[in-house]
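One chain, chain A, appears in both complexes that follow, with chain B as partner in the first and chain C in the second.
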Partner chain A sequence: MHRLLTWIFEPGFFANQPVHVAIVIGAAVAVVSGVVGVFTILRGQSFGGHALTDVSTAGGSGATLIGASPLVGFVGAGVIGAVVMDAIGIRRVRGRDLATGIVLGASIGLAALFLDLDATTSNTTGATQHILFGSIFTTESSTVPIVIAFSVVSLGIMAFIYRPLLLSSVSDDIAAARGVPLRLVGLLFMLALAVAVGLSALAIGSILSTALLIGPAATALRLTRRLGWSLVVACLIGVGGTWLGLLLAYDSYDWSSSHQGIPVSFFIVAVQFLAYLASGLPFARAARGRRPLGISAVG
Partner chain B sequence: MTPAADTGATTPGAATPDKAPGAATAATPDKAREVLRVDGVSVSLSGRQILDGVTFAVGAGEFTGLIGPNGAGKTTLLRVILGLQRASAGHVLLNGHPRTRHNHSIGYVPQKVLLDPDMPLRARDLVALGLDGHRFGIGLPSRQRNEKVDEMLHAVDAESFADARVGNLSGGEQQRVLIAHALIARPQLLLLDEPLANLDLRSSEEIITLLDRISNGADIAVLLSAHEMNPLLPVMDHVVYVAEGRAASGTTNEVIQADVLSALYGHHVDVIRVHGRVLVVAAPGSADHAPLTVEPAVETA
Partner chain C sequence: MFGPSFLNAWYVGTIVAVIAGTVGFFVVLRGEAFPAHAIPNGAFAGAAAANVLGFNTLLGLAVCAVLAAFGIATLGRRDRHDVVTALALVMMLALGALFLSRSGQYEPQIFSLLFGEVLGVSTIELLPVAALAVVCVAAVVFLYRPLMLSSVVPEIGEAKGVRASRMELAFLVVVALATAMTVPVVGALLIFSLMIGPPAAARSFTDRPLSALLLSVAIALVTVWLSIAISYFSNWPIGFFVGTLGAFSYAVGRGWAALRRRRSVAPVLVGP
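Take a look at the complex of A and B:
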């Protein structure tokens, strides 16, 4: 038993300071991504979420360039991007692709410039790698309170707009007729999404952050039929998958004799992807309780 | 609007399509407590006149059909009543007062609500949203809330699929749930935009029966838009016929007349009453006027 445990948890996993930080950050990021991700899918704004990851890339690389914390750059740029996308018209179906495409294209251009400058002019070694593919194991413990604060802000916004956001996801017409301020609710959601994407960019990289946003939420939506449970399951899958990814990455240092570890972001994303595939298996789909066909003939 | 689709709703040769004439006239808008008054409402959208001086009233507990061909302006009119569309002229009174922004005395079932099968929302969740979905915050579960939801599900005969995902329900079942959603806040007026479109005949009849029960039993005024009036003839107290942006209102017998409808359409139409059904048909000679509408020249209303 002891040997099994030491085989699963390589020596030093629980005593390692970077691992502690990664466990806390990973959990916070996964919870925020899970909650925001479920609504992102329900509202059909996955593409918008992806555009915000590109905005985050530009923000994170720009922040590194001027010596600021990448996290502030990720979130700051995401918030600006969210406001711009809202102004262009993310709420209208036709405006949505347009807004997303314009912001996405402009951000990638900026990111290309900043990343190049990061690599050539500053002495921040590995900045490109950290921004694009995450830095969950190299984030300093002093960043943890900021991560927690951003998480609270994002979850706070989601709690505040929960019911009107759900109603408008069902039907904007019904929500508007009930007096829901659609514009305000839509903008607040985009802000919560920007923060979620920024946090996720810190953990697994700006390029991969969509995976943590959409993956666990998509899996949860396949397995549940009540929104409350979708949110809980998305968080559990997100946190569990992230922690499993951390463990696998830590263990992977000893998988080869050269002690070349495999990137943690790869494992986190891979676990989420496999979880999604597994949720499509017949026994998993049965969990959501499809109603027998016979009943739907009535009425 | 194919002729084949609307046969069989009423038994051929059955009683007059209208309710008993005495009952219909006794419940004129002026006499019943007036819930809604639309007064000279005109709407222009990007230079095009959609509605032109539409005037009618709906009394408490009345069932009013808003009838007209597709594109006649029915949806726009409902949106003006809801305050989702500004009128360029005229005004809307609810219970004798100008409508306020947050008006919960109107329940609304929009035309196309796409309920995705992947949306994790049970029928009862959607009904509950009708109670407090516009409020900020998460909202805590309460026994009183659940009881209201159960009561409303029972009222629309939706108990058997209360716990199924709304996206997996049939069109008729979804309409029931949306009606319950609109009714649970106890509105005085229920607006439905083409609720019978895309429903099979049996579901359509069941929805009409349900709405009739609601308007009579719960004293809720029902204003329902449809491009096909025959299924509604047995239950309608009044009809508001919209064509070319203009409207005429009254009992079916008053409004569905050749001279009244010809004036609305701007060209001659005939009204044919056959086997308890009413057909509105463009006269052969009117073809040169017909381009006014985008509808086919022959209109089976």
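Take a look at the complex of A and C:
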């Protein structure tokens, strides 16, 4: 038994300081992303969420350039991007996709410039890799309180707008008839989304953070048709998958003789992707009823 | 700036702009911005894999981009299209990161594959790029009518025997081929800017499809040429200029459309 355990958990996993930090950050990020992600999918804003990750790439690389913390850049740029997208966003879905794409393209251009300047002018090494593909194992423990604070803000917004957001996600018309301020609710949701994206950018990298946002939520929505449950399931899958990814990455140092580890972000993304594929298998589909989610969510 | 060592950049940039302007026109028309963003990222994984395993980069790009197109089209039939696209996208990016971490020179590779390096094109690479471009344009010309029909009025298309799902797959494969040749030049992330900005702007200026298509190619050409030139003088990455010029042309298009709407009382035909 002990042998099996040491085979699964390589020696030193639980005593390792960076692993402790990673476990805490990973859990906080996964919970926020899970809750926000479910609504992102229900509202059909996967592309918007993904675009915010690219906006946050520009923010993170810009912050590194002026010597600030990437996390502040991720979240700050995300919030600005959310407001801009909300301002130029057109009501029609197709127009919204175009506006989103333009914001995305422009911010990737900015990111290209900032990352290039990072590499050529400042003496920070590895900025490109950290910003694009995450730094969960190299984050300092002093960042943990900031991560927790951002998580509380994002979850607080979600709790505050939960009912009206739910209503407007199911039907804008019903929500408007009941006097829900659609514009304000939409904007607040985009802000919560921006914070969630910024957090997961810190953990698994700005261009991969969509995985934690969409992956667990998509799997959860396939497994259960009740909204409350889907939030819980999304958080569980998110946290479990992230921890599994951390463990696999830690173990992978001993897989090859050269002790060349495999990037932790790869494992976290791969676990979420496989979980999503598995949720489409026949036995998982049978567990789900036939009623569409929208109906049971209101009832 | 027009010396022999730099000439290839102009050739390739021109080919890329023509392809992006043409294919991008249908991307915008069909509202497939997200898949068009995702497929280049699949190509990124292919290029990274080819790098590690020692294959031809262009081959890796083409194979992976087409695979990504098939994956999105197939999985997308069963679940929400945007969710599948998002997940396929990050999975491919993560694979790319994995492959690159196996190769020695991690950082410069990431940068040039994601953000492009127009100067890195050699004369030997020029021919396959041109060949792929011809294939792409031929496919668009061949598919022009059914593609137009199923993009604008899918119901009539279906009635005339144009299967929407098959058209979707065919179109995504064209996007994939266009992607494969453009990624080494402008990068996986920025080819998207070039596919969205110029066509979106062009559609604000004219309502006739063929003139919009030509205008889209023209704007893409100007964007790329300007980007190469400014990038040469400023020494800043070309991606920055492609991204900002793309957004700029879109903003001008939106402004023009707003102006036109105010001037004329007659309703302006805005596409679907």
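Quick notes on this structure:
Definition applied: the second predicted complex is superposed on the first by the 284 of 299 C-alpha atoms of A that agree within 3 Å, B and C clash if a C-alpha of one lies under 4 Å from a C-alpha of the other, contacts with A are read in each partner's own complex, and residues count from 1 in each chain.
In this section, a contact is a pair of C-beta atoms (placed from the backbone, for glycine too) under 8 Å apart; a residue touches a chain by one contact, two chains touch by 3 or more.
Model, not experiment: these values are computed from the prediction.
Judged by the touch definition given at the top, the superposed model places A:Y162 against chain B, while chain C stays out of reach. Contacts of A:A112 after superposition: chain C is touched, whereas chain B is not reached. Of the two partners, chain B and chain C, it is C that touches more residues of chain A. By the document's definition of touching, neither partner reaches A:A87: not chain B, not chain C. Once the two complexes are overlaid on the shared chain, A:R178 sits against chain B while remaining clear of chain C. Of the two partner chains placed by the overlay, only chain C lies in contact with A:I207; chain B stays clear of it. Contacts of A:L227 after superposition: chain B is touched, whereas chain C is not reached.
In the superposition on chain A, no contact is made by A:A149 with either chain B or chain C. When the shared chain is aligned, chain C comes close enough to touch A:T128, but chain B does not.
Within chain A, the residues touched by chain B in the first complex and by chain C in the second are 41, 222.
By the touch criterion stated above, chain A contacts chain B in their complex at residues 38, 41-42, 159-164, 166-167, 169-171, 173-180, 221-222, 224-227, 229-230, 290-291, 295-299. Contacts from chain B toward chain A in the complex involve residues 82-84, 101-104, 106, 108, 110, 113, 115-116, 118-122, 125-126, 129, 132-139, 157, 160-161, 164-165, 168-170, 172-173, 176, 181-182, 203, 206.
Those residues of chain A that touch chain C in the shared complex are 41, 44, 46-47, 49-50, 54, 93-94, 97-98, 100-113, 115-116, 119, 126, 128-129, 132-133, 205, 207-208, 210-211, 214-215, 218, 222, 260, 262-263, 265-266, 269-270, 272-273, 276, 280. Looking at the complex, you find that chain C touches chain A at residues 28, 31, 33-34, 37, 78-80, 82-83, 85-87, 89-91, 93-95, 97-98, 101-102, 106-107, 110-111, 114-116, 187, 189-190, 192-193, 196-197, 200, 236-237, 239-244, 246-247, 250, 272.
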